[in-house]
């Protein structure tokens, strides 16, 4: 039995609220149950130094948690003077996942910076971030098209992400915090709407996992991500 | 004529939403028009090193802006590796303002940390922060009383804050961003519900200001803060 | 009774020693009693990046305390690897105060950097810094005129600063360290020789202050700053 | 055809040289072809603060590259003042992989720090690090047993790691640098000698990968890791 | 001919002003001509962590230059966020030189921190610092004796320092800035009043130097340091 | 009697292994007994900002110790976020020593960066670094000549370095770690093959040293450096 009474293959309620704040070119509040992340997309008409003059654009991401998004207060990274290894891992993952579905040459010499800031955390903040960030990115790119700066979208496919894990010997979808803290295996899966993988990151938290368990987890993730991509499409059509 | 069509003595619509997130002991979203700040209060059952064993508590604050809370994206302070001078000034101001209305000895050997994170900025983030932080602090302290950890509240008075300024030669209340960027004098006033000052910070942005202008600004602030304290009381009574 | 036996409206002895060191374009040792600050002005024939090509100059300030300028040794900020929030607040205040009396367009595309280093502290280091820095700035600008780089001075008015506070229920002028550590209200006032305000920063250290107290403090500051500006003029005429 | 002329399932020559330096409790030079990493294990008779008094030990890792281990010189992280996100990701991975095969309670209240320093890089430094670090860790633990500080080994299983990827549409084992820079999918697999997974990290570098490709890669990794564990056993028996 | 018209073996005028500031236990302004350094000694009744409980004291030093102590303004190290390699080298040298003449066990479990801050620089700041710091240290220790905290002085000998160098093929004593910038060899010598060496640091600035040149420089230094120690004794007797 | 049973004037076995790693333009493992340092030389076709357009090149050095090169593990400087004062002193010394024998104008507008990384430490790492770095630098420069980028070598002379010290009242050559930790005087000498000094750095570790002791130490160093330069020549001829 899951603490939330969900069935093993059941996502938490997913909400994608576009235009959540008014300044950013894309601004989406993504909610996976009690996990709430604000994803903004900022268009900058220049590229980082390593890309100057190469005729292509860039998509990158930064991630942060509000100090009291969690059950006990975390030290503010700006006050600590550096981002933790976990923060850097997550923001690198978000950036790679988005770049994998964007034709950077077609984007032109501009950069889109995605900021994912966790307002409230209950497990799965990185997968919620990727899922919401894709919608914010799409809004920003549609804005460029509307402004005549791009002729057509450089986005090739939808991308979304979900966590899966073995909790009390059962493979389950979309771990919340109580499950995440107590599971044997934890896997984050990033997938496109053609059902192919962008990233698979599985970690044994104590007990190593077998090939069979891995397959069961990937099956769950596949179904979950199809639901998430449907939610993205519904939000973008609204 | 103010860009927002407000009268000189008119506040923007003020909203104080309690229990905005679920983990913190106090969690308030404060809105002054389009300025939105999430204020959380975290109770920690210890005090900073300089107060250990002195039989008193502490209230402190940290402040941050989400990178895209503003019109153009700001560099994330956690990535830059340090907080700006402006950030430090503001968080010191918030902390001092709250401590001025709390009996720290009566709070006992515990610390309450206030985090003010700007979700969307349109001028006046520091005054909105103080106004919202007071409500979050009160909720946290009421929680301590309800849990039997405090017998009565160490809060002596309400505190709220507002900005005033001389905009196109006219003293006006509660500057929004277009006014703030273009005003001659800018003053932040922090006041208690007995109408006394905690802080007055007036700055000439180009043209020095006279004693008469200062008095006109203080009159505006006095009336504005009374409205804000009424809003705090209404929110806490809800 | 004040610890120093001064009357409430009495400044400490003020001394402004020009040409205190020989390398800087302006170099002034300012003394307010036992508070001694070395203020140097350095002319640089370029402007910070955000002003390049805008046809105007810049005046900025940095502040520091020698580790043993105080009663007990303070950690050296260079060794600690960062400037404290207090340091940043003070140097921002000094910079704003000086810029408020300089016509930056008339200064041309150059920067004047003011360094205020506290040799010995006994309260009032920020107000002494502003008062001395103005003289160093004037010397540097007169040097530019003498060298034929400027035709006339871009300085519009004198600026000086003083602290006032409520000490043992009495408003007093120019707080020294024993008063500063033990006063109820502390206010720093920056004023021009036309008697107008550049900055007013009042803080309740425990007991909030009334409008009447504020007016009494501003009266004291007004008289004190007139004396300081007379001292600046005498020093510059010497 | 692979640049190195290897067959798709062929590892580079693997060498594990124990006692490579003389101070560390475990010191192993691991070579995967031209990739050379020095792995040392240091035993410390205390644990990090978050584990004090919990009756268990800890295993952690740090990773670094000599500035000229690579084709063009990399900036020295000590001079830059921080470790890159990549460095942090890798050292977190090494630490997790080793902890997954150690009974931390049986280790007692001590910490073993693994340092993996890349002397020469040609792709696969993180998988070589894990493979060599396990041997260094084993030597350090055997030293504790020999010294009578542990009765039996807290190591439950061998662990080793290898990279696999899709290079020119073909799944291949143990990517060297020319392959790594030009492959479509890159996966790092960490496995035990019972053939179970500790970590699986697959990343699409441009083209998403299918479930079939993933299965082919995992098959290659499984066989490669069996060879590596055999090499570990041979080295430890020598 | 030296730029200052001094003879090769002639020191600049040396002045040692005790009690230069009033808070520190020792406070000496040392002047070697236009080089002016404020040396303070602060007594702290504890020792650094690595010495706790070892029954001995410690003497350490920190060094800094005011940003405009030099001909062109140097970046403030506190703002830069770190001390330069040169600063660290100098403060380590000052600390070692003083510790070499103090019986640390006889000092007891306390630390004396020497701060050497350069007010005005004209070459030789490190040697002036050592020479002045010794007098400040002596004053601080005499204060401990006067307060009954020490029975007798743990200082074994005087220590002073001077620079020597080969300038236009001639060995000269006490290089000023014009000589220092243009000399072939530069040597700093730290000596006791028994004529023995604490430190000798010679550096070829372009042309290597011979054993004969080295001997000529050491002869000059020996005579110069005898003069400096006489000046220290005169100052302490005043 | 020396701990190693060496005679006072006896070097440890010296080995210089060229081409130790394959990416760098010069790569030398230098061994002084159990002290092992990897010295690489990297050619960069640009110069640091302060030299741009001045028609000359630059040689600089960085130094580091692997965390477990020593008897007890040292904190990794990249993790600590800064280089120690000792590290900076040593890398500045290496850079100065090499620049003293290179005609920087003849090198052209390029920079050679020397990295000295200590694999295993047993005293004398800085002198081994200089001795090995010279060989790596020579290999890099010979590569430039072979590639037609330089017509002739800008290296004027060989340079090598050795430590000497007074150990148990006897002057000895090439201190190893047990001697270094327990000696009264420690001197590092950097010399050319014409027998002239580049650097002499002598430090009393407790007992000041006399002119006679200094002369005895310099005699030892002179002979030792002649042996080292012979070893350099043999290695380069191999």
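Some points to look at:
For clarity, chains are labelled A, B, C, D, E and F in written order, and residue numbers in each chain start from 1.
One rule holds for everything that comes next: a residue touches a chain if its C-beta (ideal position, glycine included) is under 8 Å from a C-beta of that chain, and two chains touch if they have at least 3 such contacts.
This one's a predicted model, so the numbers in the text were calculated from it and none came from an experiment.
Considering the contact criterion stated above, no chain is in touch with chain B and with chain F alike. Distance between chain centres (mean CA atoms), chain A to chain D: 28 Å. If each chain is reduced to the centroid of its CA atoms, chain A and chain C end up 51 Å from each other.
Separating the CA-averaged centres of chain D and chain F is a span of 33 Å.
Counting partner chains per residue, chain D has residues 81-82 touching two or more of them. Read around the assembly ring beginning with chain C and moving next to chain E, the chains appear as C, E, F, D, A, B. Partner chain B is touched in their complex by these residues of chain C: 82, 85-86, 88-89, 91-92, 96, 100, 157, 187, 191-192, 194-204, 206, 208-211, 214, 218. Those residues of chain F that touch chain D in the complex are listed here as 21-24, 27, 34, 36, 38, 40, 42, 44, 62, 64, 66-73, 76-83, 87, 113, 115, 117, 119-121.
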